[in-house]
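Each structure below appears as structure tokens.
In what follows, chain A forms one complex with chain B and a second complex with chain C.
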Partner chain A sequence: MHFGPHLLLAALEGLVTSAVLALTALGLSLVFGVMRVVNVAHGELFMLGAVLAWAISTAISGHPALGFLAALVLAPLIVGLIALVAERLVLRRLNYNPEATIVATIGMLYIIQQLALTFYGPEARPVEPPFSYRILLPWFGYSGYKLSIIAASALLLVATWFVLTRTKIGLVMRATQYDSETAQAFGIPVDRVYAGVFALGAMLAAVAAVLIVPISQAHYLMGQDPLLLSFIVVIIGGLGSLRGTVVAAVLIGLSDGIISVFFSPTLAKIIATLLVAMVLVFRPQGLFGTASR
Partner chain B sequence: MKEASPAKAYVLHLGVIALLFALSFVLPEYHHGLLARIMVLAVFAMGYNMLFGYVGLLSLGHAMFFSAGLYGAGLAVIHLGWSVPAAFAAGLACGAVLALVIGVLALRTSGVAFMIVTMMFAQVFYLIILYFAAWTGGDQGLVVPQSARVLVLGDTSLGLTNPTVRYMSALVLFSIVLLVTLAVVRSRYGRVLVAIRENEERTKMLGYDTFSNRLAAVVVSGTICAASGAAYALLFGYVGSTFASVQYSILPLLWVLLGGAATTLGPLIGTLFMYYVVDVTSGYTSAYLLIVGIALILLVLFFPKGVLGTIRQRWLGWLP
Partner chain C sequence: MTDKNGFFDLSKTGLTRRTALKGLAAGAGLAVAPGFVRYSQAQSSAPIKIGFQCHRTGIGAAYGRWYDRTTAAAVKAINEAGGINGRPVEVIIEDDGTDPGRGAEVVGKFATQHKTDIVYGTLFSHVVIGSAPAAGEAKMPYFVVSEGHHVASTKLNRYVFQPGITDVKSQIQAMAPWIAANAGKKVTQIFPDFAFGYDHRDYLPPALKAQGGEVIAQIAIPPTESSFTKYFPQIPAETEVIYHVMVGPAVLTFVKELGEFYGSSRPQLFGFIDSLEATDINSPGLEFLDGSHFWEGSPRYAQPDDSAAQKAYRAAVGIDDNGAAVGDPKDVSTAAHMFGCWETLYVVKKAMEDAGYKGPEDRAKLVEATEALTEFAEGPEHPQGPKTFNGKIHQCFGIQNISKVEGGRLNVVHKTKIEDGLYEPEGDYTTQPL
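Presenting the complex of A and B:
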């Protein structure tokens, strides 16, 4: 293969990574933006989505698309419910104190991971893709399912953007993010907004996981990389900024694929993590964000 | 913090040290070995407490200081053939230098950003250990040869693999760090640190340079953690990348929270309790991370001051 097609292939793969990453990071970013809570268990909620997708799709017999669609609807709902319970039982009682909630979500991380290991086991299990149509490009055939991931992610991102900027719910969320006390004084049920945002963040991670699981596999440790990458995306994009998150996700997803071609993956991770730490040290508002108030 | 006669505090601490000394002669072999390990790890927790308890800076990356000491000492013995005291000093130096660099960078941030930055630096450190697997042994780790773990004092040479020597070495390190911590927190400097934790702006207004005071605290904390790591490598003879992973940044936080942040003896109690809980439960289940997770959540929810913090608040106001 020549250089051009090679680059196209790398770019397509990178876009698939970006699509999943954008959804996951958006969940993390929303939770941080509105609630000022750094959810360290976010990656585990992602993992839970994938594991549930496997469980649901194997429970349903018949055409693989049926099981997949059921998983796409049910897995995020279950994960959202779990997040809701965790929010009510733990985070709310901590008054959303940033440091206490980090410690508590670390606790959740360990609990979810260990429970997944106990009940799901250490194996990596695949989920059958809903359809296996190959799109023939002039140089190579490409999985139609992967392209549909990009489309689905773009659709969900646009929907989130629409909800945030054009609806009453979004207005309420933005008001809470801007100044929760004033919002409360204007009769916004801040408490319920927080619960909803936390569940929504978890559901975005779960949807991303269900989308990716037919091309990767469900495994109890799969939440660690998405967590780190989401942190990176959210920091580069500016904490709590939707546009920045998406731009950064595309940037990171594309460059991740291309860097790993030239360097060893470990070295690529070292450089990326170090760069991001430096961004946080010298430009805490992110590369695309505006200075925080 | 109530003012009390310093004698009471010193008597209590010397009493704890004497108790640990006496335990060496009565404990059965298994618990004897476990307690030696716990004392070394309690030093790690004390180093963490220095920063988290007294300055109020929550770091999620202290595993890098511990493993800087661990690898600094371990690799000096393995690759350079250094003697035990020289290797220990090398471990301390690695930790101190790393803490200085990380401190200068990370202290530009605060709050949540500080946590994430320290976590990322620790992750970089961990990945670097994996990347240079040719020297560090990667995720397999390296064994420090028994023949090299001999402490020569004048004419006598003490093998650090001997259980009694090991226990006593751990106790000496523990005692020194405990008394140093006590002296530091009772000093003027310790009070400045607490003042920074309680109200940075006001401390600044009173004319204190909060940045350099904090930086000094990071270096002291990092060096103590490195001392623990170096001692671990020399006493237990194993260096491995697990000790640099995120989990080992979380554990000292858990130990300190459990024992009581900003108490001098809290780290020992937290480490002791948690180590035994994990040890006992691992007899029944392999799910010890579940216990760590539940303990973390219950602690922040219902018991944020920890064991000694609660005792100090309720009954013994003079507890340092």
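Presenting the complex of A and C:
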């Protein structure tokens, strides 16, 4: 294959990775930014979204698009609800203590994973894409659905940005992030904001999983890679920075796509990890993060 | 990051006498729990215990499910016919998570805790390679159904056998002439990046060269990969045949993305059915496979010339004419491999009867009796077909099927002969001490 089309394919693959990664990492970043909680179970919430998408889309007969759309709406809601319960039952009782919540979310990781294994099983199961249009380029064919993932993710990112910067809910969240004690003094129900943010973070992961599952199948171990990549993105972009997360996701996704197409996927992972090390050494707060006060 | 609540303050959790006593009691309770029971039954009536190292979870889970069903069916048939040496057969299953480290632990558990007579049933080659030393150390006969060349390479040890399924080197050698003559001479290989894939990587090029063909590119993909399009640009444009063999949970994605990439203007495809084992070939997105060819150890779809033994085997295992579970057309079997479980158990039965096997003290006799076997005739015990067995390399040799995807099913178009797959032994296990 010639260089041009080869690069195009690499960029397309990278953009799909970026799109999913941006959503997942944004969830992780929000939870950390507002709550100062490192959610190690984030990847499992992603997996739960995919598994629920399978369950919902197989329960609904008829055109595959119907089942998929239902999954796109319902799966994140259910995952959000589960996260809400976990936040009430676990994180709040630990007073959001940073060390304790890490240990607690590691526990949640294993509980969710093993429950999925018990009730869903060890198989990888496919979800039918809502449409299966194949875009025919002169050099290779490409899945139309994959391109729609990029668009859907961009839309969701814009929506999240809008909520965070242009609505009262966003204002309250940002106030809590900036200084939770002062926010509380001004009558902001910090407690409820925390619950909402944790649920929102989980929902972002779940919706990313629903988008990706028609091209990669639901499997109980699928949460590991997204968790690792999300951490990489969040560290590079700066914890709690929306802009940084999106930029870092595109950077990591594109470099992953291009390096793995031209060289090897292992090299792509090596370079991403190296980048994290460099950022930690030279700019510990991340590319767009603000230095801690 | 202060520890306000004292979560990490160990000084608070002093060990009192009461908790120490509690711990002791719990330990004692554990020791009498089921797994630790010592059987003191008389040897003659006690069941023969087969430790089944099963891929219940991990990347081999689909195979594990069907290996389990096939094993249960074979053991039921053996027990109904009077068991082995008049003793019933009992299967004890341990999950190895399709992980080599865990596999070795499972073998140890069978040897020391369950005290099984043999260990059996492993498929994934990295698990076999990881577990074999543990089996050799425990002097535990280890019958695998793995397909890899590692047993026949004589790189493992005298306790490891593969009497139920032909190894990859032999499969490739038998099929290379057909590939070169019917599919094309310029071949690009796509294979999983671990032991089993390396058998394909190492043995296809020489086998194809002997037929005037050539491997022009080799693409290794990690078995845990979930997206594949990024590997396809490495396929050279002059490729006439893509030879693909993938394993793992994402095989359906692999084949789908191959279809998206090429559409109808694809090169010839020759795949090992591993790329689609336990997956419906009529899944949406797989239409482009029509007309392509697959290797099958045993055919997934019922064939018009199926023997009575094959029909009886399919009924016993519970698969319908499409190779899916009876009653659940979506639960597609791993028919191309799982017959090996059935046949291996009958080989174990034959060897135990030849050895006059009484218990674990006769394990060495069992090894020698297995090595003395030479031929397995086609029939109810060997429904896939006749086989020969080379006791020096602990490996059997059988026929291979090449099937074509036509009208949404796989029809066998070519069967190789046993002789096509024979090669010079690379060593001799029988010279190793027992």
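Definition applied: the second predicted complex is superposed on the first by the 271 of 293 C-alpha atoms of A that agree within 3 Å, B and C clash if a C-alpha of one lies under 4 Å from a C-alpha of the other, contacts with A are read in each partner's own complex, and residues count from 1 in each chain.
The rule is short, and it goes like this: a contact is a pair of C-beta atoms (placed from the backbone, for glycine too) under 8 Å apart; a residue touches a chain by one contact, two chains touch by 3 or more.
Small disclaimer: the values here were computed from a predicted structure and weren't measured.
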Quick one: classify A:Ser216 as touching chain B (first), chain C (second), both or neither.
-> second
Once the shared chain is lined up, is A:Ile102 touching chain B (first), chain C (second), both, or neither of them?
-> first
A:Phe131 contacts which: chain B (first), chain C (second), both, neither?
-> neither
In the superposed arrangement, does A:Leu94 touch chain B (first), chain C (second), both or neither?
-> both
Touching A:Phe140, do we find chain B (first), chain C (second), both, or neither?
-> second
Determine, under the contact definition given at the top, whether A:Trp161 touches first (chain B), second (chain C), both, or neither.
-> neither
Go through chain A and flag every residue that touches chain B in one model and chain C in the other.
-> 94, 98-100, 103, 117, 266
For chain B, which residues are in contact with chain A within the complex?
-> 58, 60, 105-106, 108-109, 111-113, 115-117, 120-121, 123-124, 127-128, 130-131, 250, 253, 257, 287, 289-290, 292-297, 299-301, 304
Residues of chain A touching chain C in the complex = 1, 6, 9-10, 13, 17, 64, 94-95, 97-100, 103, 117, 121-124, 126, 128, 132, 134, 136, 140-143, 215-217, 219, 221-222, 225, 257, 260-261, 265-266
Spell out the part of chain C that touches chain A in their complex, as residue ranges.
-> 1, 3-5, 7-8, 56-58, 61-62, 64-65, 222, 225-227, 229-230, 232-233, 237, 249-250, 252-253, 256-257, 260-263, 278, 283-285
Please give the residue numbers of chain A that touch chain B in the complex, ascending.
-> 36, 38, 90, 93-94, 98-100, 102-104, 106-111, 113-115, 117-118, 228, 231, 235, 264, 266-267, 269-270, 273-274, 276-278, 280-282, 284
